[in-house]
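Structures for review follow.
Heads up, the next two complexes both have subunit A, just with different partners, subunit B and then subunit C.
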Partner chain A sequence: MNIDICIVAFSQSACVAQAGAANEVELIMPQLEAVYSQVGISNAQDVDFVCSGSCDYLQGAAFAFVAGVDALGAVPPIQESHVEMDAAWALYEAVLKIRMGHAESALVYGFSKSSPGELPVVLSQQLDPYYLAPQWIDSISLAALQARLMLDKGIIKASDMAAVVAASRRCAMDNDKAQLAGQFSISDLLEEPEYVSPLRKADCSPISDGASAMIICTRSKAEEWQVPFVRLSGIDHRIETHNLGMRDLTTSHSTRLVAEALSIHNSSLDIAELYAPFSHQQIILEQALELQAETEINPSGGVLAGNLMMASGLSRVGEVFNRIVAGEAIRGLAHATSGPCLQHNLLAILESS
Partner chain B sequence: MDNKNKEVIDAIEAPIYLKYNFTAGLAPARFLSQLKQGVLTGQRCPKCDNVYVPPRGSCPACGVATEEEVVLGDKATVQSFTIVSIPIPGNPIQPPYIVANLVPDGANISFIHLMSECVNEEVRIGQRVTAIWKPKEEWDFAMDNIRYFKPLDEPDVPAELIGHLSVNGTEN
Partner chain C sequence: MGELAAVVGIGQTKYASRRGDVSIAGLVREAAQNALEDADLSFKDIDAVVIGKAPDMFEGIVMPEIYLTDALGANGKPMLRVHTAGSVGGSTALVAASHVQSGTFKRVLTVTFEKQSESNAMWALSTPQPFSVHLNAGAGGYFAPIIREYIRRSNAPSDIGIKVAVKDRLHGARNPLSHLNLPNISHQEVEDSMMLWDPIRFLEACPSSDGACAMIIANKDLVSESPKPPAWILGGAMRSEPTIYAGRDEVNPRAGRDCAKDVYAQAGISDPRREFDCAEIYVPFSWYEPMWLENLGFADQGEGWRLTLDGATSLDEGGDIPWNCSGGVLSSNPIGASGMIRFAEAARQVRGDADQHQVEDARLALGHAYGGGAQFFSMWVVGANKP
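The block that comes next holds the complex of A and B.
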């Protein structure tokens, strides 16, 4: 069966360091209202399927993802699902649902309140529970091991990492949702002290609170709604072993495999939004994707400018959608990652309709 | 290798401690602040008019934000109840005791609380009850500022009216 999947609406909150007292429902609702109004529907009753991505460990609130359903208006009952992952994978589930003919439209959202806990430490508990999680190895330390390998092998220089940060900060100046933005030279950035060696603070994405939401549907539904739409012409993902010692951390084998599956290598892409939580990981991804020189990378500033854990992946797709709708791009690539050191990677291709 | 001498490892200890600066949410924070002042409040849905207690910031039925705060009465109606006859670990209350779904006057949704100063066998759906608060100096951001609810000498509320009384209760 060949069903065209279209993205018709996207909204993301600003990335903020601390969303104050707002709970998950209060974070989600403004984004849901925004996507409903873009399409001209009133609530989740007007779509066939809803899927969300979040992780209760982030805010330390048990069953926060169930409480999130309070934002939907689920009376009478709706078809709803959840992934304990970034909402990019909720998007993947929604795409499958539509491709199987079980739905014509779907609402996808992700939310993140990372500020209540110590995020890098919280993320240590996603590691293998027998050998790694009891050591409390935090996500920044693991990324630092990866960066060290790349520097020592001569794959990158510290200035290459700083260049990624400088570009992110510069692009983020045009992104009103960004948390960190500004003009910084490579030498400015290299003057900063190391944080978790060899990473400087600026090499790490900030901790952010917020949410994002998207509506996807079949082409005929998009035409019925009479709204601008962007074709989601491909989406796929691959995961690597949880055993970090078995992986070559200097490359992203899984990203390369997805890129091959979607025939991305050297294809024409105007923009690429990459979910690289650490500066050196953007270089790993660029190498694995073999993007052409014309492809503009992270015009939004990427997640170094603001990282909504569990929503940033969906937001990468949303950023590409926004730029295609605005006529700034014809074809774009969105990437989402999950797990330590780019363990799990998803790619989506978006094309102007 | 001699398998017979191998120690069977059937468990490892890996305790998890994570610290959070938990926040209740904007709507629950307003509710808890009022509760500390000895006032029970709900929030009204702008679409279906239902009043929720305790409020979470949205009407789950309509999926819209609830902004309007509504002061509720101390009086409530029993919507359902159970007699707990077994001790619950960690619960200081000695069985048998009553756990009830109570709808406070002015609200449309029940919350769960305890009943006391009552004959357990005479508790019934539709029965009128009122909140017995702790002494003022013990009030905190907590639901147990209300110790329990006790029966009132008022006529029972017919089943179809439970959850539909105004804040003035059965008086109008």
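The block that comes next holds the complex of A and C.
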């Protein structure tokens, strides 16, 4: 428990609408090469543990992660595991492995190609298989339901949602990995037609293909590698009920629980990278986290600028890491989510060493 | 190893080809409730939930932990979903153990399941992979040539597989949870059953089962809060290697050998056949018993089949190292849970709680799972004695 765990490397591909014929291994390889070179190692043999996050349904075939193993050079065999979740949870598993003393270093990666399928429809099959999935309620419709509740209750106005999008597009102009960027006014955005009412297309994160990878290790290993490192001083997560009718969709109870567990409320945070696939969800998260005015939110543009399914959560952690290493922040928060309407939420606190 | 942890509760469902009386949520909850009852605990005593199953395409539910959170009492708690192919049941147990061994949690619930009656495993295992050779073979077709190579190398008598099939079904007949209940199975009956993938006959293959298995893993400080004896976790290891690479030995995979070496070192074991009292090993096709006897160091290269032939692995024949006393994967096979059942049945033995299939005075047992193209391995060693 008292082991200091550090992030020492991170790399993410560009978010692209369509990676074409590139397969998953080809998406992963450049990111692995990048993190290896950041710490000066040559392959997965040089870390003690590997954990990845992916989703078979996005690849359209069982065992998406098996192809990932081919990218690792796992000869001789390696200690390796996989979560069918965003790679932020693979990071969580790797942290436990280091805390228990079974590893000093770990490689974590996530990847997907969302472009070949219809992502919102694929995600409808996450729902209760007897009562909800047969209705094929897609992820955008469920998010629209949530946004409608917030608008009707007067918690937000349409212009608040547009303001989130405008800020995302503006920040993304400085992010060469972003898929959507540009200067848009709130009125520009509100002139766009509704897509799934009350959501406009710009309120929804785009469909993206890509991958990201990270290396974490103990403090002593980071010092041995002689690379800049950022302390991962806290990481925790909570899930809440799947029954949407039992949840207050206008808030995020599970995010609040994690924030309390990590004592985030009222603590000083320079930046926060939030995994909000829909504009109104960013507002829900900001409120649940009680973020203060000085906290810069989603300086990367967040996932409205590009959403790598199964990697976006890990990338939020990576974006905070990059900014702390660059000296732009001292302490930051990263968030990852899973499930419809923010059902499952993870938070990580990163601090300058 | 970090904090010392132990299994304090085990719960399984009845295994059957179709559990039409329960939904998937009902199935996992049944196992979880049984484990909590076994540990004299309730859901409020659980800090985190770790769930595992084989590919989502089996039941057609994407990331089913999202739907199962309510059934497993996970609301407001951390919940993690592990997926490492056929080894997932074992890997999930190890990930759950790491929640406690890392000092992060005091007591966790771990559950694995498969509801094969609501799935189509043969289809899900045969979907074409983009840019890859399409095998369209399912698991039996994939492993049959590897088994033939084992027979060629070892010169094993051709009926060793039949002997394993009979032995594990006789073991399964002692286990009331077993899917197959064949107390009168004979050598001839197995031999006469249809050849599916030469040399694997119908009765030499695992069944398709519905079922779930759950365990409660607790920190040493909380072990005394549960009434039954604990199964101390003395070692845990995972290894992975690619499906195909130049020089890969598919009959005796290095990942399995390395994994065994690692877990034996953690538990201080040098002679597995002598030191273990029993083992629960993932044998979905009969011939994998002699193959894994060699891979795991219970027998020398090419000699594994002799143990099977001599009855060394049979409870009924009074063997010195009984394997799969519960009936094994050959008697019950809810795929995603099959690995955890091995881990849980090893724990039942050292807790002295295995009823009719108990190995007398079992103190040390091995649990094993493998998956993919025999490329993912997970193993643990559990013991009756606190280290």
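By our rule, the second predicted complex is superposed on the first by the 352 of 353 C-alpha atoms of A that agree within 3 Å, B and C clash if a C-alpha of one lies under 4 Å from a C-alpha of the other, contacts with A are read in each partner's own complex, and residues count from 1 in each chain.
One rule holds in what follows: a residue touches a chain if its C-beta (ideal position, glycine included) is under 8 Å from a C-beta of that chain, and two chains touch if they have at least 3 such contacts.
Keep in mind that this is a model prediction, so the values were computed, not measured.
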First (subunit B), second (subunit C), both or neither touched by A:43
first
Have a look at where A:237 lands relative to subunit B and subunit C in the superposition and call it first, second, both or neither.
second
Would you check which partner chain A:29 touches, where first means subunit B only, second means subunit C only, and both and neither mean what they say?
first
If we overlay the two complexes on their shared chain A, which of subunit B and subunit C does A:100 touch? Say first, second, both or neither.
second
Looking at A:60 after the superposition, I want to know if it touches subunit B, subunit C, both of them or none. Which is it: first, second, both, neither?
both
Per residue count on subunit A, the busier partner among subunit B and subunit C is C
For A:121, is the partner it touches subunit B (first), subunit C (second), both, or none of the two (neither)?
first
Overlap of the subunit B and subunit C footprints on subunit A, residue-wise?
21, 23, 57, 59-61, 67, 69-70, 72, 74-75, 122, 125, 129-130, 133
Interfacial residue positions of subunit A with respect to subunit C in the complex
1, 21, 23, 50, 55-57, 59-63, 65-67, 69-70, 72, 74-85, 89, 92-93, 95-97, 99-102, 122-123, 125-130, 133, 236-243, 253-254, 257, 338-340, 343-344
State the interface residues of subunit A toward subunit B in the complex, per the touch definition above.
20-23, 25-26, 29, 32, 43-44, 57, 59-61, 67, 69-75, 115-118, 121-122, 125, 129-130, 133-134
Over in the complex, which subunit C residues touch subunit A? Could you list them?
1-3, 23-24, 55-63, 65-70, 74-85, 91, 95, 98-99, 101-104, 118, 124-125, 127-132, 237-243, 245, 248, 253-255, 258-259, 372, 375-376
Going by the contact rule at the top, pick out the subunit B residues touching subunit A in the complex.
12, 14, 16, 18-29, 56-65
